[in-house]
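One structure, pasted below without further comment.
Letters are used for the chains, namely A, B and C, taken in the order the chains are written, and counting of residues starts over at 1 for each.
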């Protein structure tokens, strides 16, 4: 196998706040192949979004990357000056946010914004730029793209706006796109459209995609590999179907079991007790142990990652295959 | 989560406030000045309102002069032979009294009006708010001047004039804040219980509008002290026998060029220190309550 | 069927967009000012039996929240009436007010629905004290009882909302609603803002409360899986109208209306097969603007089965057997062809 597109080693991003240090990302390592779709799931406060921001160098104070390495095509990104990172964003890597208005400027037409986005990295004629804008908008499923090019973001519906944001992310054919809950604010029917388009786009363009979401079902339909995050750490990873079929980590199991679609209607759902811990005051050892059904004394020490056959988990008491 | 004592909104607020040295110093000055003003009779060497005790021979003496009373006039004396330190302390007393009373009444009237307008909506809201906009288009000083000219002299009249000139600022702020709160789910929840409208306005909406109103209040109390001083300076405030800071400044004004600077300067300094300190406290409160400046 | 506890009769809600002063003047001078209304809810009738849980599903802008707010007595209908236990929820007259405490509401965002300046105990006790369901002397024990009922510590009463997590806050909001001793709850997306693991906890709470207190519930959500889990019957809304209503199991296993079919097909399923290549079946097109909904059946622009009359005639809700109803001219025909 060729060298992976993205190589993340022991990444740690901490937030230094009045209340203490929040270890939002704490020792995360993974790889991403060319054209691969990787799902990153977790609950709010698990550090999944901060992981995404860290990859693009978008962590703002009081947060900062305190350790680890991020290599894109072999080039180290940690410690790179902001100007250099800015040059790489858009061209080599791009981000799609939950709220498309994070990317879009409300007072500029879509055409102008796309022109700027292209112009930031190369010079093209106005005509060629426009043609490329129409092409990319059509690709993300915006009907009658030529006519809508001169509209302002507010003239688009929520789903269409997100499509425009995705189009801008794709514009310069980056090697990698990080999408942070891009369909969470959208209706199911629109989400299905975007998931379908995303999947074929990534395939056609050969772009690698990290899809950050709390929705296990959407991730399972999209991503070939999955990583489950809890309290700033990756607690389990592997091929999506295999992980979801037979999770090794009790947290993954708990997440799956709490889905209403997996239970008999009207029956009590299996629930994980308690709430995710504060990142500024993590319990010692395995951060999941206060909520874990199989926790015992040894869980007071942090478990190492066990890797086996493309899968890995961070647990002293992994569930056996098929354990239900 | 277990820090119950610091958990109330007020507790957290105080903890954060105490981190700014400037603000704490300013607050100390405000407390000190107000304390001196309230307890003026205990500290002042002389009762400046007791005309019988004034000695004309001591008039316009420089700071440090020992007068007929046998004590040092640390800040000199004024044109009537009043001990200036005493006059300033008593003047502060009047200024603070009037400023705080006018501010508090304007707060109550304005906040109620603004919040009610926001809650009621429709024609009531349009009527109230347009009137207030109209009033805000006149300078406050003009309004206060006209009103105190009409109402005549006296503490009550002065306070009424100041309230009329200032309630609109509270109403505007309360209206803005209340319009935002009105749409929030906790208000909808209270209405859907159902709760009486007055309860929703006074128990739910207004308490949540307090942060911006408190900021306006600090600014407006400083303003009404300044406004009162201005009116007194122009001779529209209190009777000459009860000089407030503004009148002390006015009285000394004619002697400025003859080298007897202290009659005007010291009351002016007292006024500036008080207003500056109140504004510094207000600035810190505003910064703390503004979510956009939150770190 | 027994007497319905909640009866919604031909209820419509129209929102008039604010007319600017300029337009008002133009209108007064005889200028042609276009006035467009949003028909958020358009002639909806439904009934909820005592002790029943009715799920209300639809995409954003379909009017489900507006309908819920009219049932909870927060919004007066433009026309039609909502009756709870045989009595109108709102008083008649120009300024309608809610006149019952028997239906209470739980909101989506527990961060917004609790007054941040009140202690939890005061939040829960306020309504019962105002309505004299409890005396001041007994309030503390009363609050403790309801807090325990929703799975919180009685000591929570002394704390402020911001000291609780989202799931705990939603429990507080439920306790506040229950302390009014309602017979019915309107729950508007009560788990939408919660994390997956917390969602399960709160759904379990609703199931238990329903069992123990015999509550009637209107459960509004965009999440089809959640609605199926808690509901006996389900109503599907599209652009202000109910397009299908019936037993939950029947609708999920055999949807009649093309919109219901498409909606169910859009929900991503958990894929457990290696290398499974999921073919999504998204609904074509976009939700039309509620300011100018298409004539006839609102769904005809996106419907693969639409015929000429779908573009003209508004379909009524028609019985489809088994207590099911669907608002489609063609559902019998579609059922035969598929």
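To be clear about the criterion, a residue touches a chain if its C-beta (ideal position, glycine included) is under 8 Å from a C-beta of that chain, and two chains touch if they have at least 3 such contacts.
What you see is a predicted model, and the numbers here were worked out from it, not measured in a lab.
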item: Far-end chain from subunit B, centres as C-alpha averages; value: A
item: Chain with minimal offset from the mean of all protein Cα atoms; value: C
item: Approximate Å spacing (C-alpha centroids) for the pair subunit B, subunit C; value: 50
item: Centroid distance [mean C-alpha coordinates] between subunit C and subunit A, Å; value: 31
item: Gap in Å, rounded to a whole number, between the CA centres of subunit B and subunit A; value: 54
item: In the complex, subunit B residues that touch subunit C; value: 1, 4, 7-9, 184-186, 188-196, 199, 203-204, 207-208
item: Parts of subunit C lying in touch with subunit B, wherever the complex brings them together; value: 69, 72-74, 97-99, 101, 104-105, 107-109, 112-117, 126-127, 130-131, 158-160, 163, 173, 176, 180
item: For the subunit C and subunit A complex, residues of the former touching the latter; value: 59-60, 165, 167-168, 195-201, 203-204, 207-208, 222, 224-226, 228-231, 248-249, 262-263, 265-276, 278, 280-283, 286-287
item: List of subunit A residues in touch with subunit C within their complex; value: 43-44, 157-160, 187-193, 195-196, 199, 214-218, 220-222, 239-242, 244-245, 254-263, 265-273, 275-276
